[in-house]
Every structure is written in C-alpha cells, then in structure tokens.
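Consider the two complexes below, in which chain A is the common component and chain B and chain C are the respective partners.
What follows is the complex of A and B.
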C-alpha cells in the first residue's frame, strides 16, 4: 500500500474497513442473515403465505409433537443419515484408493466416477425412476433371471432404500476427490515401513491409511450427515410430491416444502420444522467433530 | 464525529434488514372495487404456460387491445406450469402480483381472502350476462360475497382406452364403461384375464372422482368437508378391491398424471383421462396404440362430468384498474374465447358460444368427435373441485386413500381422517 493510501485510510478512521466489507455484509445480511432470522421469528407465529400472522409462542412446536407426518419425516431423515453416511464415508475412500495410482487410463476412471456429481439431480432422479420402474430395465432383468419384478418405487422401504442408493451413487465422486487430496498427503514411507514389517494391503489400509485420513473421514462424515438429514431432491423425484405411498417416505425438508409453500402455505409451521432441522444438523456436525477430536486426543 | 464500530454495524444491519422486513406479508388493504375511469396506462398480464404454443395468438390479442385503447400498454409474462402457484404466492407476498392474472378457482380463493382479487360483481358486473351462469359462479368463494375472476376457458377431458387390451380380456371394445359400477366390473375382469399384468387405472381416486361418484364433498354452507359419508366409503372400498386385484396399478399410490400417461402409452394401463391434444401424442409416440385407441366420456355415476375452469383475475391492488378490467374482459369475451378455442382444444365459457357449428357439426375426424362430445357434456358439467380445496388438502386426501388401499386403515377410518385433516386446514386458512 502506498504511503498516501495509508494516510488516507488513517484519516478516515475506523470507517474504512467497514466500507470495504460493506458489499459482503450486504449480501450476507440479505441472503443469509435475514432469511435465517426471519425463519426463527416466523417459527413463533401463525404466519401464512398471504397473511402476516401473529405471535403464537411455542404453539407450532407443540403441534409438531402431535403431528404424525413430522415424526415420519424425522424418522426418514434420521434413517437417511444412518443409511447414507457410513456408505459415503467408506466407499469413496475405497474408490479413491483404486484410482489413486498413476497408471495409464486412470484419468478416464476418475472422470467417470465424478460424472454423477456434475449431472443434474433432476436428470439423475428421472433416469433412476425409469430404471427402477415396475416395467423398467432393472425389473426386466430381474424377471429374465427368474427373480420377478420388485416394487422399488411402490414399496415404502424399498423406495427409501432406492433413494439412498441414488444419493450414494451421486455423492461417491465428490467425496472421492476429497479423499484423493487427503491420500496424496499420506507419507509413502509409512506404507513402505509397514510393508517391510510384513503388513498386507488390508493391514496397511487399517493401520496406515485410515489413521492418516481420519480427519478427512470426520469431515466427510459431517458434510454427508448434514446433506443426508436435509435430503429433498432424490426422495421427491422418486417418491413423488406426496412423499411415497401414503406419504410414508416424506423427509423433514419435503415436509417443510409441502407445508410452507403455495398460496395456502403455513409459513409459521414450516419455519418451526426448519428450526428443528437446523438444530439437528448443528447437533450432528458437533457430534461428528467431537468424536473426531476425542479420537485424535 | 467518529462513529463507533458497534453503531456502524447496527446501522448497517438495520439498512439491510429493515427494507426487507416490508416483504412477505400480504396487505390487509383490499383495494377499491372502483374500476371506472379512462382505459389507459401500462399493465402486466400473466398467463400459465401458454407462450410456447400460443405466442402469436397473444401477441395479436395484445396488439389489438392496444390499438382499441390508445394509451395502453400490456406487458405479457408467461410462467411455466411447474410451480405456478408458488410463483403467484411469491408475487402476492412480495407485492409484485401482475395486474391481470390467469388463475384457476382454487388459486383465486386465497388471493380473494387476502384482498388481492378484485370483486368483479362490483367492478365489472355489467359483463356478467355475457358468460354462462355456472362459469361466472365458479370464481365465487364460499363465505365471501362477490365473484373474483372472469371465467375464461373450460375443459373436460375425454377418457381414452386401449381397445386391444379390452378385446384380449374378452370385453367389448365398443362398449367401454360409462359408470363407476361398470368400470369396476370391467377392471376386475381385465386384471383377471391378464393375470394382474394389465391394470385398468393408474391413479388413486381424487376429489373429482368422489364428486363424479355422487359423494357430497362439502356441507351446504361450504364450511366443512363431507366426503366421508357412506357413498364415499363405498367408492374407496371398491377401489381397494381394484388395488388388491391389481386392476389399479401398483404404482398408483405415487403416480402423477405424467407417469400414468406414460403407463397408458406403454400398454400397462387400459384407461387414462386426457384431452384432444393427446391424440397427436399417441399418433407420434405410440402408433400401435393410436390404431387401437378408444375415446369415451369421463366415468360418472351422477350424469355430470367434471369441468375444469380457467379464469382471469384482476389484481385488487392494481394502479390501473380500468385498463386491467378492460383487458381481462377483452381476453375472455365471446369473440376472443371463440378464436382461442379454434387454436386449441378448449371450450368457451361465454353464453351461446358452445352452439357454434364448430362445436356441433361432425366432419368425420376423431378430433372433431372428441370436441363435439366434450362440448355436449360441458352443458351440464360440474366443477367438482371445491374452490377451497388446497394443495395441502389434496395431499392429505391422497395419503389417507393410500393407507386404505394398502389395508393400513379401513376406508371409513381413512376418509374420516382425511376429512378431519382437510377441515383443520380449512380452519387454518381462515
């Protein structure tokens, strides 16, 4: 910084840094803070789309306790975390180990595994719906080999599992890239030393690789658990707007969308569900990161 | 005077948050119903997914209006079909609702309650006699006085059926079912003969099905739902029999109109509702189906088919009410409805238009046959969808119907729960 600039900044006193930060503050305020605060405030009102509503205290939260659909949503979102997160922590690591080596043509495989990440979730969802339909490719194959048709999209639990499989399929490449970066930092000497000590591939993986990338695993666990708890698109596309048969596959975010949108949307009630989603995701993050810190110490 | 950091931060936050806090709430000001005055000024007109196919028609319509009323300028906005209600609600909440808006009665109801739809009985009552009585009444809201949109086009789709599937099941392909009882008998026969491989229907019963079956949907005051009576239970019980016999597609519980249409195209389903526009799709996408396509009226046990109504609403907050009312009337008057009807398979809601030879004279084509049959049925058709039946209510009914079909609840329990949920939502709407 030139001396004249420095003196100008000094002349303007403490205002200058704020002026530099103003554009960022405005954007953060308008698109992050305001919606967040607004959601918190709305959660304590009976606001509807076209009607401002009044303060109702904890009434929305009390109603949640007696709302069957809320418990179904909470169950499904929790099951989603339990089903998806372990797969997204372990499978991308194994995939990263496979494509880590620099052998001819490996770039093709890295790109291929990454392709689902960049594909639109709507397109991905539609393709999987076609594949898993009662008359889709998967069922035709199953029928050909004598297994018979399976109601992937008509059974409550199979539908949820199918959506989880799509989430895992789409997320593999993303987390694989994170692991590839982490694996690149694992000292080669450690593997060589373990190999000299007679450790096989599996043992080297458990005793060298896993401890070396444990922090990354925690990061992947935290990121994927938040994403899984907030799942919307995959389930919405595969289970339909009603959330599967009798709405049994509804997740919490789907419930927020269904309850709070449209001309008759209950914005206050949907905000209360959003607050629950926020609290649970923060808790999940803290849980995973705390577990990592404990393991580290 | 130096500004403290805390003061500056608070001021910055206030600058950001205060202007925004004005958003998100509808105004209590219902606006004046007075639409008198000179027809002039700039107005906005929003349609529902019409630009792709009818750009020339609307460009011409707007140009003619601007020529007829010098000093007016109409800006046309077209919104995609997907999420149309959400777009309107965002505009309504944000105070950016266009002056003239294409709506259906269920969209008008919350807008009218929020004081955003102009009462046309007061503002444009002189035009009332130009429209069919039933069509004019379709935008009246139970519990409110007034009419909140000009009726625009009407529609009543035919029911398509696959003649070859009927033939294979030993049914007469020239005698499709007309009533629900006939439908249930044929559907069970079809499922039995195809060993459960061919379903007759791909959708669970909707509120319109309950209406066409003769179930009272609401009480006479329009203050509570009533489709859980014995007739409603009877309908759902019969649908359960269909579901168990696979005469109702197993994926019906999660089906959308698009997915059931696709099933009909692939021959997995024998009957599907549609419109005259679908004939072109069948011809292009499924020529073998097109050769065997059967066209019949909607199934009804009341003698009245279901009619879908579109309307054109005027924003009660519009600054140019005279021009907005004049344009909304211009779009929906007999001459323009008739010319629009000749471009697409819809029907005018203006008095006497359905007697036009276009809707009465056969020319031997399937398209004309569908058009004439539909126009005929429209004369005593009923809009079975209650105007207060919101999206959330549709979901509640659908979920309870699914529970009954799966055997998780009895039909009576399911309908009682659905009515309870819909009544609660109705009360919450205010």
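What follows is the complex of A and C.
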C-alpha cells in the first residue's frame, strides 16, 4: 500500500478527530488529570472541606514526620507489600502450571479458580470476616482437630496477616491468567530437551520455566506491589473504618480516606499523604522493572 | 500433546480439587449459611456444611432490613451506564488515536497513557472536591462519571483499531463514505471482540467498586449494593445469616455473567496484561 492511500484514508474534516476524542479527553481531563494536579497543589495548602485554604509550603510534610498515624499507615502498607508480593509472584505461577495442561474438565477448574477475582471485594471481605470469626468456620475446624480457637480478627498482627491472606486469595486467579498467557509462549522443545537430559519436574521448573517467564514475574511483581501498597478495602472491611485495635491496622489509603473526607476533612493534609503514596508506588514500579532488566542482561 | 502418566494425572486432579475447595468453598459456605433457618446453630463445631432445613427466609428478612433490591437497582443503573459510556467513549477515542491524522494526536495519546498511570486511590479526595464543585456529590451520576471512559479501555480500543488492515476502510473511502460512516459501518463491527471485553470489565468494575461510592454517597437511599452490604454488616453484625444472604445477592449476578462470558474474560485479561 502506498503512503498516499494511507493519507487518503486518514484524511477527514479538521474538526471530526477532536469530536471523536472529545468525550474521552474531557472525562480523563476533568476526573483524572485535573484531580491529580490539584492533589499535588493541595498538598502544599491547608485546604479543608469547606475552606479553600492557603499555601503553607512544606508544613503538611513536616507534620507527617511527627504524625504517629502516618508512620503506622506507612508501616502497614510496606508490610503489606513485603507479605503479599512474594506470594502473588510465586503461587499463581504454580497454579498456572497446574491448569496449563489440557486434561478433561480443565476449563471448569480455570473458571472456578477465577471466581474470587470476579466477586466484589466487599463480598470477599464479608465472606472472610465470617470465615475467620471467633466462632466461624475456620475456628470450628481448628477446634474440631484440637488446635483451639484463634482470634484472627482481634489481634493487631493476625488481623493484618489475615487481610494479606485474603488479598492473595482474591488475586491468585488474576495473576494465574497472566502467567498462563506467558507460559503459552515458552517453547515446548526446551522442556523436552531438559527432560531428555534427565531433569526432573522441579529441576525443569527452575532451569526452564522460571527463566522463560522472568519478565512476566517482574510484571506481576510490579502490578501486585503497587496494588498492595495502596490496599484499602480488605483492611477497611476486616478491621473496620477506624483500622482495628487502636487504629494499629490503618493503611495509608485508609488514612487518606479518613483524613480527607467529611465536613471537617483536611484536604491539604490528605493530599500530602497521597503524594507519598504516588512517590512510593512509582518507586516500587521502577524498582521491580529495573530488577527485571538487570536479571535479563 | 505429550502423554500424561496415570500417577501424574491423579496427582493433578487431587491438587485441582484441593485448590477448588479453597477458592470456591468459601462462596458455598456463604450460600449454605444464607439458607440456614433461625433455629439452626450456625456456630456448631464440627461445622455442618449442609443446611438441615433449607429456607429462603433470610432473603426475605434482608429485604425487610435494608432496601436490598433498591440497592441492586442502583448498582445495575451505575453498571449499565458505565458499560454504555465506556464502550461508546473508548471506541470513539480509540478510533481517533489509531486511525485519524491531526495535529495533537500524540499529545492526546500521551494524555490517555498518563491517565492510565495515575493511581486512583491517591486522587480520590481531589475527585471528591471536584465532584462537589460540580454539585454532583451524593448522586449516582457522580458515582459513574470518573470511570465512565477508562483510559485503559481507550488504549485497548486503539490497539484493536491499529490492528485492522487499512484496505477495508479504503474501499469505503473510494465509495465516498465519510469518516463517521467508515467508523460506524466498517471499523466498529471489526472490533466487536474488544468491545465485548471492555463491556465486561466496565460492568464488573462498576458493580464491584467500593472506595469511590463509599466516598461520594452519603444518603442511604442512593447506596449501591456494595456500600449497602457494608452498612448491613455494620448494623447487623450479629446475624451472619442476613449478611450471607446479602452477599449472595451481590455476587450471584456476576458469577452468572462470568460463567456466560468467560471465554472473552480470559482473552481480555491476557491481552490487557501483555499490552498494558
């Protein structure tokens, strides 16, 4: 095809391209890009819900340094990344290997494993609150086998750990599908050659599968660490709006929501916390992807 | 396909069933709880997995306690609006990015890429103040607007249009079709698969969303199902049967939708992940 036909097909009135793009640009401009910029600006003001506020320089950030709740939030969000990401990088890969082979009924299993992804986080949260309740299913099973009941939702650390488990449980199916797509591109000859050389299943996993899906592992690591750092719903639902015993289970986004909303909401201060969330998530993303590039070279 | 040894096959099915119990079991337990009558002990140890006298009583009670069907209707309105706006808006914008030539196209593409990278959790407070300035707080329109044309969807549609050969539009151009006719009659029907993916994710995203409606909606009569459930949980934490019935009402439509459209689902997740 000559370049002139391309330009002829593309040619049109001067206004219509913008008519096509206008609704999309308007929406993301008004509700994503403008709020993003105003978050950055508000972080340097003492704006409140009903008060426009004034420029206060770095005062919000200085206050953050002395705010115990901020450090609790930062600690919990960081712990969340450390706890959830390794599990979400490895377990879905194993799951993908399990459902990869086309054996009878496998489509059913693949869909069934995806169900937690489809379900709303509220439903998932409420199901697990019930399962992990002092008198819930998990505890009655534990009691039946003689372990005794455990206060999954009343202890500060167990609560955080339970929320992490729920995040992993809900994310398994999603990352499994990403790994399935990556595994489909691994040449079968590699496995066969390794098998001929006498490598067992574990050996083949380490020497063939893992190197072949390394960049996908980095992608999953990046996606799950960004999501884990911004965790809100699971902890909010399991620990309650105030963040569990003495607020010790509050995460950063929970703090943003609690500080910035309501009639007395401190919009400026909440924006400063949001800026911290931006900076850390971008850093996490770059860190994981750079680690991947280093591993490749 | 390589032959699968018998022992390995048995092991595979054992593992598959174990994971099945772990992923689907909690939903079934919830369903079972919702069907247990008021006289049945739901805290027994060892637990009883099947309700002794299954009853729909809890479903009646949940609708006496909170207007659960109104909430479901609100969720349906929000989700439907989200599907329509996302399909129409992203198809239009995606076509403009992929197929039309004009000054500023690169800038427009960049705007959508930037928007995709902005973490929504970090801008909710500013979204909330923007919404208040527009006087749309505490309305369902306010719930729909921020996500009504997702940047990710626009980029998905752009990729779909980019993959179409130019020849098919060329013929229509020679026949004198203008840009709108080419879009509607030629380009759009060729990307139906991607539109289906956008529609499914738009529905699921809107139906499942929690944080944004929680912030925007304050009037209980306008609650969506997810917010209503959280409210139910807070108010009647004592009766798990009611909460269980509520969650089943919220999750059942999605599981049905998913079961019908799972083929598109998996394709969509795979594509989105590889390209995103």
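The working rule: the second predicted complex is superposed on the first by the 273 of 297 C-alpha atoms of A that agree within 3 Å, B and C clash if a C-alpha of one lies under 4 Å from a C-alpha of the other, contacts with A are read in each partner's own complex, and residues count from 1 in each chain.
The definition used in the following text is that contacts are C-beta pairs under 8 Å (C-beta built on N, C-alpha and C of every residue); 3 or more make two chains touch, one makes a residue touch a chain.
Remember, predicted model here, so these are calculated numbers, not experimental data.
J.: Determine, under the contact definition given at the top, whether A:114 touches first (chain B), second (chain C), both, or neither.
T.: second
J.: Looking at A:200 after the superposition, I want to know if it touches chain B, chain C, both of them or none. Which is it: first, second, both, neither?
T.: neither
J.: Does chain B (first) or chain C (second) touch A:274, or do both, or does neither?
T.: So A:274 only meets chain C here.
J.: Contact-wise, after the overlay, does A:18 reach chain B, chain C, both or neither (first, second, both, neither)?
T.: So A:18 meets both chain B and chain C here.
J.: Output check: A:86 vs chain B and chain C. Expected answer is one of first, second, both, neither. What do you get?
T.: Neither chain B nor chain C is touched by A:86.
J.: So in the superposed three-chain picture, is A:230 touching just chain B, just chain C, both, or none of them (first/second/both/neither)?
T.: Only chain C is touched by A:230; chain B is not.
J.: Please indicate which partner A:135 is in contact with in the superposed arrangement: first for chain B, second for chain C, both, or neither.
T.: both
J.: Which holds for A:29: it touches chain B only (first), chain C only (second), both, or neither?
T.: So A:29 meets both chain B and chain C here.
J.: In the superposed model, which partner reaches more residues of chain A, chain B or chain C?
T.: Answer, by number of touched residues of chain A: C.
J.: Output check: A:258 vs chain B and chain C. Expected answer is one of first, second, both, neither. What do you get?
T.: It touches chain B, and chain C stays clear.
J.: Show me the chain A residues, by the header's touch rule, that chain B contacts in one structure and chain C contacts in the other.
T.: Correct list for chain A: 13-14, 18, 25, 29-30, 33-34, 38, 49, 133, 135, 261, 265.
J.: Going by the contact rule at the top, pick out the chain A residues touching chain B in the complex.
T.: For chain A paired with chain B, touching residues are 13-15, 18, 22, 25-26, 29-30, 33-34, 37-38, 46-52, 133-135, 151, 153-154, 159, 239-247, 258-259, 261-266.
J.: Under the touch definition given earlier, write down the residues of chain C that touch chain A in their complex.
T.: 1-2, 4, 9, 12-13, 15-16, 19-20, 22-24, 26-27, 29-30, 33, 43-47, 85, 88-90, 92-93, 95-97, 99-102, 105, 108, 111-112, 114-115, 118-130, 145-149, 151, 154, 166-167, 169-170, 173, 178-180, 183, 204, 207-208, 210-211, 214-215, 225-226, 229-230, 233, 240, 243-244, 246-247, 250-251, 254-255, 258-259, 262, 265-266, 269-270, 273-274
J.: Where on chain B does chain A make contact in their complex?
T.: That would be residues 2-5, 8-9, 12-13, 16-17, 20, 24-26, 85-86, 88-89, 92-93, 107, 110-111, 113-114, 116, 249-251, 253-256, 259, 263, 266, 268, 390-392, 395, 398-400, 402-403, 406, 408, 425, 428-430 of chain B.
J.: Going by the contact rule at the top, pick out the chain A residues touching chain C in the complex.
T.: Residues in contact with chain C: 1, 5-14, 16-18, 20-21, 23-25, 27-36, 38-39, 42, 49, 95, 98-99, 101-103, 109-116, 118-123, 126-131, 133, 135-137, 139-141, 143-144, 169, 172-174, 177-178, 180-181, 192, 219, 226, 230, 232-233, 237, 253, 256-257, 260-261, 265, 267, 270-271, 274-275, 277-278, 281.
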